[in-house]
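What follows is a set of structures to go through.
Both complexes below contain chain A, partnered by chain B and then by chain C.
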Partner chain A sequence: MTENDKDIIETEPQPEAPKKKHNRFVQYFINLGARIKGWFVDKFLTVKDFFSGLFRKKPKDEFAYDGPQLSKGEKFRRGLKAQSGWLFVAPALILMAVFTFYPIVAAFVNSFKQGYSSTTGAFNGWGFDNFVRVLKGDTGTGGANFVQCLVNTLILTFISVPLSTLLALLISVGLNSIKRVQKAYQTILFLPYLTNALAMGAVFATFFKIIGTKSYTETVGMVNIVLGWFGIDPVDWVGATSPHWQIGSLSIPWAKYIVATIYEVWSGLPFKILILFSAMQSINKQYYDAAKVDGASRWTVLWKITAPMIMPQISYLLVTGIMGGMKQYSAIVGLFGETMGQAYDMGTMVGYLYNYIELGQMGYAFAGSLMLFVIIMIITFINNKVTKKRTTYR
Partner chain B sequence: MRISIQHLTKIFPSRSRGGKAVHAVEDMNIEIPSGELVGLLGPSGCGKSTTLFMLSGLESPTSGKILFDDQDVTTLAAEKRGVGLVFQNYALYPHMTVEQNIRFPLDNMRIKKEEGNARALDAARLVQIEDLMTRKPNELSGGQQQRVAIARALVKMPNVLLLDEPLSNLDARLRLQTREEIKRIQRTTGITTVFVTHDQEEAMSICDTMVVMKLGIVQQIGAPQHIYDDPNNLFVANFLGTPPINIFKGRIEGGKVYIGDEVVSESPFGQGAPCTAFDDREIYIGIRPEGFIYDENGCLTLKVDHIEVMGRDKSVVSVHESSTKPTVRCIIDSDVLLPDAENLKFRIKPNKMVFFDGVTEERLREPLNVFKGTVEGGKVMIGQEAVAETSLEDREVFVGIGSDSFVWSEEGAFTLKTDSYESDGKTATVRASHEASVTGTVRCTLQGKLPQETEELKFAVKAGSVLLFDTTTKERLA
Partner chain C sequence: MAKFNKSAAEGAVVGQWDLSSGGEKFDAEKVRKREKTKYIIKNVLVYLFLTVCAVLAFLPFYWMIISSLKVEEEFRESVPTFFPHTFQWKNYWMIFHQVTSESSTNATFGRILANTLIVGLLSTFLGLVIIVITAYAFARMEFKGKNLLFAVMLATMMIPGELFTASNYITVAKAGMTDSYVVLILPFLVSVYYIYLLRNNFMQIPNSLYQAAKIDGLSDLGYLIKVMIPLTAPTLISITLLRFIGTWNSYIWPRLVNTQPWQMITNWVTGGFVDRVQPDGFVLYPEGAGSAYGTMPLDTLKMAAVCMVSLPLLILFIFCRKYIMRGVSKSGTKG
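Moving on to the complex of A and B:
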């Protein structure tokens, strides 16, 4: 474009000028703005009226206090005093703003920056490119595959969390029905909770690990030895030759899933038992007496009385367990090493994010974290809907 | 179903080492006829709830037996006894609807759905909650929850209905209504019902039979009115009645009963012949509030503190130095005019006054009726009439027969001349005379089959209740 061309455009007003072409991303927000405006128009409101209405002074209350008034200074001082609560929450608010709210907003904004470089902050335009590439697995860096990580995370979470909650329920019932050495059992069951996840994962891996070369095997691992007693051939549970099913580009390393699930269930038990057991102890004993007189079997008592009575705690465990499961990382690293199995075939969502942060591809990490956030939101929402009906009887 | 409790004992071991074991129930013996409403009454901690839980099978007794009809259920599990139990706080499952709660026992019995629904509805109708079937317990009032609990207990058609403090969680008005309701349901179903309460008014108002307990020991068993009128000891007298009985310290001298310097009774039994058996003894005198009659020439002087007007009647609240309680309460008709005086004199209705030993706190009972008799050929003879059998050799004896050992019978061997006869339909008191009587008037209290009042009555004497004494040493003969 030359200098002259510019003048022409500025000097000649064009009332019917064609609309400027935005890219898809910007256009989306323009449309969104138009729709919001449309909503107000439908309600016979202008946007300005709506907001001025929010701050309009309330009509005078004829029964309002009409006695002697305070001085302006006193009013100010008292007003300040009434607001002094903010002062107390300010440190927390400021810290959260810096370390929580800002990163969330920044991640949201930056995930739409295409070709974002974390070192220079440069990017080449707005758009959904990051999301598309992440979902297609077309990141061009040889990093983890998003769909693989998502499937891994979902499968592990939705098998291990319900399973460990169910087991915790049964163990708690058993614990509740014994009288002697109850405290000792309780302590033993709680011990795993005090142990570091990485250390536990590493120890756990040795149970399953085959040590040796192709020609010479030192040990097939404890689990394989035990399975061998029942005539089951050794399985490479955690190693490079671990068996898996291939579905398209997706790999289902079932042996590793079993190991990870056993680990997750086991490490998740203590906290769940603690919660469920204490919930059970707070159930009025008369419910059980009543059930006994009415001839209820142990099974009936468990499913018709105990479980519904501690439904709030069960639902709490399911919700927090699933949220935690969606964010699991250290346990998998502990079990399968830093690359989460063979080239991230056991990768999790959080593992995916770390991987791309390490590779310097912040854009993909942002996009991935945003999707993780949305998925957790959706799951939690469904969870609440399902369990709410069963927990609101008190 | 008849319930028989035999030597029932429950001992809870102490929690701490070296602590004392708690004897919750000790050697309890009760026979409950089929279809009766029985109330276990006592202050908290007297073992009444423990007894109930032992009946239900939730607690197992330390020793003793429980029989339902003739079946020993002592070791039978709770669910096999066929009892319905209503808990103090109802124990309704909060996550189930009313219908599910009522159906719960039926579901456990694997009863078909249609039949179960019909039975649940029947039970709900009986307690009038059929409109509330879809509600949850927390959407019901206390009284409605109570009904649901009763319906749940009744729906499996139990042999025995057990209620643990069923009214204690209700407000005063609802309590009154619900206790009538319980009585009605019990009458309609005819189920033998045992209920526990610490409220004597509640127990007296609906029970057929009342069992008064204290510290695990049964104090008295009987019809409410009988226990009220004729308490066995100071505890029972004190526990029954609102306002409570007035207790005075007194003594017996020359067969007369004194409070302070005033003679309140000519005999330690309220009425009847003078008796010197309890002379020179410190006693407690219990006088029911309604037992006072204002009389200028009365035998007891009370210093008036104030008068409470209740409408139907009025209470004279006064003080007396011999009273064991701070105030003495007399309830008199509201139309009796009282002079505005500091001291008032009262006459006392003899049947509203009871005497207790000053040490044991046991009721002073009329002593044995003693007759001059002989043993002839293994038979105890009074005059020409044989009253019992014995293994003693022929000799002269004193024959002691308790007033409750007489049984009226047309073929009875023992004939008494009737002096007076009082009856309330269930029990009767006969005062009679006999030539051979050493103790004067013969007193018989009768239960069960009652005779018409005639000049002469024939009695049999309960087997094993005749006591024989030496005529000179007055020692008991084995």
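Moving on to the complex of A and C:
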């Protein structure tokens, strides 16, 4: 290396001297801390401004013309008029105070009261007793089991949401590629869009139900009849003797999972098709023409053009689908009745909550709802992290 | 099909003619033919796939309607029929004269429908008033702490509504509000999401319109009613429809706080429907003094009830698709 070369290298703009290098994870938490601090400072300043603005007088400028001289009463009236917005938000604010803000505080406080009675408000000491009992399933009331409900909810959500998104993607690609009677297919496929989950759940249950022998005739249900053509013995899909695997105290009622998944895919498809299909329609046709000129195969076009272009919609669907799946309840009641299967073996987390409210065990209901809240927050957080990475295509 | 045969025949002729002088043209034709076959096969497969999906999407609705008109015996046949032998419209008559349960406080279909309509209309109308004035205040008015309040309200959207249910239940139980319409309406009047949606709509209206209205001597309230509401009518229609659908589908809260005669139409559907001997002695399947099925819940009757709940939604969806989709596709939730 000659002197000259060295000069050139040295005159190149050097990157800023790096700060102290941290481990990736440490750095992440440092950044997170800074962001949280920034958020609080921001909010604190807003609060400070708000209160100081209420009491501080404006510094008097001798020469400024500040309107006509007003009497004290008039000034007060005008000041009040400037705040008349509060009057407009008052109804909403009062209702929210009673039915939104107070319940949040109450849920946090009451979940730590041991043996809390909602009617008298009496309790014996503070602690994590409710949470421990909920997690252990040691509630002594014959209600639903939290771990069972959590497992059910997670399995159902993480099977049905990707499955229905994938199916919606296939259908949208198909819809997008045909020219004739597109509108007719669209209309029929959108029909399950707006349905009553309980009512349609009952309809789906009749497909799977084995009807008893009480009267003249009996049927094993449409699904079992179709399976019978392939030599498969009738399965009790939704009834009391439904097959399940037992793992410790945990029951995995796989037959009921299949029924619930089919129902959820059916009811979730229209919305997903709507979003994906309209996203595909709005892709600029020039990309496809260019790909055609370059001789790209249909498969390449699908993976290299269509898929990246609709990635934001796919991630949006996954996020909303998982959020909705974590709160599922009505569909399960529609399919398996108000006890959510046999002894709550198809219970969901929301179902757990309502079960304990109905039993009057508010302490467990509060603890359960708080855990649901935490789980949903964790999923929101993960979703935000993942989708931020994925949606940078545009 | 005829066109395809013709081109195939052409290809064969050209090919024959070409064989003597090298295979160039023959190959091109062959490729063209293969492409065409591939195109047809692909199209057939796509249409087949979509048809299967469409049939499966529609099947539950069809099954629901035909089952509601079948005789129970036919419904239980070991080979299901896809068109009723006899239409039994009396199934509907029977569910209209049902009680929701065996309990002493009976509620007929008329009562349940009245409950749903009263609660639906009141909660939609009052909710709309609150949403409009709150959104207006956030969009157009200046008052201290506005942004902070709005941020706090938006933050509550992050929290799942199920967290509130237990506390709200205690609140209304202590206030003695159970078994009334008030308890069904009050907790759900404010919807932060719709306030947010409408506020954004309001903010898109140019300020010059406001100034023009002021010069013409319109008050703030007059401006809201005469200018802003007509301009944001599509959003308001969406909100109205979605709120009403939400009330129609509400199930959990009414079941928690109210007893039979005060519940809603979705609660009614979850009950069992039996072939009950009517006061005038009418019964669907007479046997001896009672019904052949006793107190066994009948699926045909249940399907009739399901039709009564689902068909209004389906009809509403077909006629108001545009407005409903506008609202739902933004929020990702129904009602």
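By our rule, the second predicted complex is superposed on the first by the 291 of 394 C-alpha atoms of A that agree within 3 Å, B and C clash if a C-alpha of one lies under 4 Å from a C-alpha of the other, contacts with A are read in each partner's own complex, and residues count from 1 in each chain.
Quick note on the criterion: a contact is a pair of C-beta atoms (placed from the backbone, for glycine too) under 8 Å apart; a residue touches a chain by one contact, two chains touch by 3 or more.
Computed from a prediction, not measured in an experiment: that's the story for all the values here.
K.L.:
Between chain B (first) and chain C (second), which, if any, makes contact with A:V41: first, second, both or neither?
P.N.:
Neither: A:V41 stays clear of chain B and chain C.
K.L.:
Give one of first, second, both or neither to describe whether A:I225 is in contact with chain B, with chain C, with both, or with none.
P.N.:
So A:I225 only meets chain C here.
K.L.:
Which touches a greater number of chain A residues, chain B or chain C?
P.N.:
Comparing chain B with chain C, the partner touching more chain A residues is C.
K.L.:
Just to be sure I read the superposition right, which of the two partners does A:V386 touch: chain B = first, chain C = second, or both, or neither?
P.N.:
In the superposition, A:V386 touches no partner, neither chain B nor chain C.
K.L.:
Quick one: classify A:G295 as touching chain B (first), chain C (second), both or neither.
P.N.:
Only chain B; A:G295 stays clear of chain C.
K.L.:
With both complexes superposed on chain A, which partner does A:I305 reach: first (chain B), second (chain C), both or neither?
P.N.:
The answer is first: A:I305 touches chain B but not chain C.
K.L.:
Applying the touch criterion given at the start, work out whether A:L189 contacts chain B, chain C, both or neither, answering first, second, both or neither.
P.N.:
It touches chain C, and chain B stays clear.
K.L.:
Hey, which residues of chain B end up touching chain A in the complex?
P.N.:
53, 56-58, 78-80, 83-85, 87-89, 91, 93-96, 104-105, 107-109, 136, 138, 152, 156
K.L.:
Touching residues of chain A toward chain B in the complex: what are they?
P.N.:
Listed in rising order, the residues of chain A that touch chain B are 284, 286-287, 289-297, 300, 304-305, 308-309, 311, 390, 393-394.
K.L.:
Please give the residue numbers of chain A that touch chain C in the complex, ascending.
P.N.:
Where chain A meets chain C, its residues are 43, 46-47, 50, 53-54, 82-86, 88-89, 91-93, 95-96, 98-104, 106-107, 110, 118-119, 170-171, 174-175, 177-178, 185, 188-200, 202-204, 206-207, 209, 211-212, 214-220, 222, 225, 266, 269-271, 274-275, 316, 320, 323-324, 327, 329-330, 333-334, 338, 350, 353-354, 357-358, 362, 365-366, 369-370, 372-373, 376-377, 380.
K.L.:
Going by the contact rule set out above, which residues of chain C touch chain A in the complex?
P.N.:
Of all residues in chain C, those touching chain A are 43, 46-47, 49-50, 53-54, 56-58, 60-61, 63-64, 67, 72-73, 75-80, 130-131, 133-134, 136-138, 141-149, 153, 156, 158-160, 162-171, 173, 186-187, 189-190, 192, 195, 245, 248-249, 251-252, 256, 266, 269-270, 292-294, 296, 299, 302-303, 305-306, 309-310, 313-314, 316-317, 321, 324-325, 328-329, 332-334.
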